[in-house]
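Letters are used for the chains, namely A, B and C, taken in the order the chains are written, and counting of residues starts over at 1 for each.
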Amino acid sequence: MNSIPKPPNLAEIGFYIFVKGLPRTLILTVLGLLGGFVIGLSLAIMRVYGGKELNWLASGYEKLFRGIPILVLIFLFAIYLTNLYEICIGDTCFGIEPQYRPLFGVFLALALRSGAYQSQIFRGALLSVNPGQEEAARALGMSRFQALRTILLPQALRLAVPSWSNEYAVVIKDSSFALTVGIVEMTNAALQISSNFVELWAVSIGVVAIIYFLLTYPITRLFGERQTKKLKELGMGGG
Amino acid sequence: MGKSVLRIVDVWKSYGELEVLKGVSFELMEQEVKVIFGPSGSGKSTLLRCINMLDPPDQGEVYLSEQNLMEPGINLNIMRANIGMVFQHFNLFAHLRAINNVSIGLRRVKGVSKEEARSKALKALNQVKMAEWADHYPAQLSGGQQQRIGIARALVMEPDVILFDEPTSALDPELIGEVLQIMLELAKTGTTMIVVTHEMGFARAVASEMLFLGNGVIVERGTPQHFFVSPKSDRVKTFLKQLDILYGSHKGLLKLSKEEEDK
Amino acid sequence: MMFQALPQEIQDLLTVLEYWDEILEGFIMMIWLYVWALVIGFFLGLFLAILRQYGGAIISRIATGYIEIVRGTPLLAQILLLYFLPYSLNIPIERWAFYTNFRISDREMTFILLNPEILVGILALSLNSAAYQAEYLRGAITSVGTEQLVAAQSLGMSRRAGIVHIVLPQALRRVIPAWSNEAAYLPKYTIVVWYIGVPELFGKAHYLVFKEFIPEATFIIIAIIFLVLISTVSKVLDVIHKRTAIPGL
């Protein structure tokens, strides 16, 4: 009689986490980063090139979404505010299916938060492009917008790579909080596979920690400090 | 002439494949002023750091007052307190005021009391004519002022010898004079010094002996008169000529000479 | 805070604020965890940074390994790992607690100083914060440069004396901006102890929502508490930074 379940071994744990949890972790991370990118870049441009009011608004946004814990944001957007995800005009409603609302909510929370941090990253990058670059572009006759698009932004984006790789690491780690609202991402998967075996709880978490590490360290190492040195060599930044 | 302060015997030093010092030997007696000069990369700074064992030689011996510094088990920290060093980039302690920069060595290394250290430091600052800036931070002072404090910091330890590593090379031209002035006075009052520099005016005035270091060996050595009247090797002649054009009377050709020098 | 303040919303806020004693208990717990984690994290981080910068090849690598692993894994995973460890090692956990009761106006409040979960929480938060603080400190130490240490040694100071009296004082001043960042935002991370059953602010929020069914007002108040705390700490550290400025550092 096979009524006693067999405890999973390390390979099975790893496999389960990978197959069951990784997809949602990646979806949340990628979407969260992209959303944050759009928000962050817009805010950064607003802060550097907008007027005083835009700067103040953007700055307020930054302070707000940097100061609220990600868990609070997740709960707000994935559980309590989900009624907002549907717009009804008369009898016809369209919006997000109820089953996807938690996922969308977590994405929203991650994106809004990441936007606040990416705003700082891009603002710093824009400000550290050599000021002579804009001068030269304007001297050629480019408008402010042209200069921004063709000269400054490309450089700023390159300068932002080290910090941005760090932000990637932050978002993928924060995605672990999605388990609170029932989403089966990697950490949740780790807890699921060993849920019947108390002695294995720590082991599963250990495995998922290793997987997180493998997803973050190579990238931050590759795009981090080394990039900064390379960029300095190329003469970028330091403005 | 007095007793031996420093004896460098057949010192060799390499960094990886690159041989920087290839058998350098000389002796420094009390009250002597030796000037070491030569093209960049010839190992002059390395030599100084070998002397105070900050970067010990691979081969050879260094004797401070006949005490072998290469001996295992020797307390180098105490020995270093007897060798003063003045750096090209001053290397003042940025978080300390001038007076504390000068007194910290006495307090921490020689265990002198706070009050005594302070009064000795003030005396040293007086000697370099920086006493009124005692409470300033390095960042608030010009390069020449900072270097003078650096000299005071070395002086106050009452070392057997003071090593100067291109003390004026990082200074703006108008600030060089004040530092050289102090160094001249030190030399005249009998301080034992080794100075790595290309300030030939200084060398001419106070050097007991000059050593031309090229490619890790002493190419030529002699009194200032020897060098400025009849140097032997061609390398020395070319080098002195370049220096003369740069620092000497050919002021109008200064730009051109700089290019020639840089070649 | 963007909507018009209708009477109903104000009523909601006031209802939640009725539970100020619960909120206060949660707030104190957050501060308690925050301060411990920050302080332990600082000393441990300083130790790691020194090991990393001045330790030999092996020690330096170990310190770096610790820092990279902690920074490369989620805080949630770290605290769960520490919490589950006794179970895996078959160590039975006894229930114990140190707590104190106090009364303000007509409310009795209990504050638990230490119990197994709080201990794990402080441990996890400290070990985590130490890794980040170590990075900032290492950056600050590197930015002081090596020349002053060489000068200190040339005076006869041992390498250790040079590090302690010349490099560290400057590094500690230079690290203040980055450190203020960590110090200001650390309260946010204390929330993670909720997962292991520590009664902090977030847990209290859930309790309040359970009781009164006003999630919006509740979480807005919680959010405001965090925002105010973080802004205040930021400002205070900013002032301290300006007051202790040394020209040229």
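Here is the rule we use: a contact is a pair of C-beta atoms (placed from the backbone, for glycine too) under 8 Å apart; a residue touches a chain by one contact, two chains touch by 3 or more.
Computed from a predicted structure; not experimentally measured.
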Note to self: most contacts are between A-C
Chain with Cα centroid nearest the overall Cα mean is chain C
With chain centres defined as C-alpha means, what is the inter-centre distance between chain A and chain C in Å?
-> 22
Quick one: report the Å distance separating chain B from chain C, using the average Cα coordinate of each chain.
-> 49
Chain A-chain B separation of Cα centroids, rounded to whole Å | 55
Would you pull the chain B residues touching chain C in the complex into a rising list?
-> 52, 54, 77-85, 87, 89, 91-95, 104-105, 108-110, 137-140, 150, 153-154, 157
Touching chain B in the complex, chain C uses residues 144, 147-148, 150-158, 161, 165-166, 169-170, 173, 246-249
Give every residue of chain C touching chain A within the complex, in rising order.
-> 68-69, 71-78, 80-81, 84-85, 87-88, 90, 185, 188-189, 191-192, 194, 202, 205, 215-216, 219, 222-223, 226-227, 230-231
In their shared complex, chain C is touched by residues of chain A numbered 63-64, 66-72, 75-76, 79-81, 169, 173-174, 176-177, 179, 187, 191, 198-203, 205-206, 208-209, 212-213, 216-217, 220
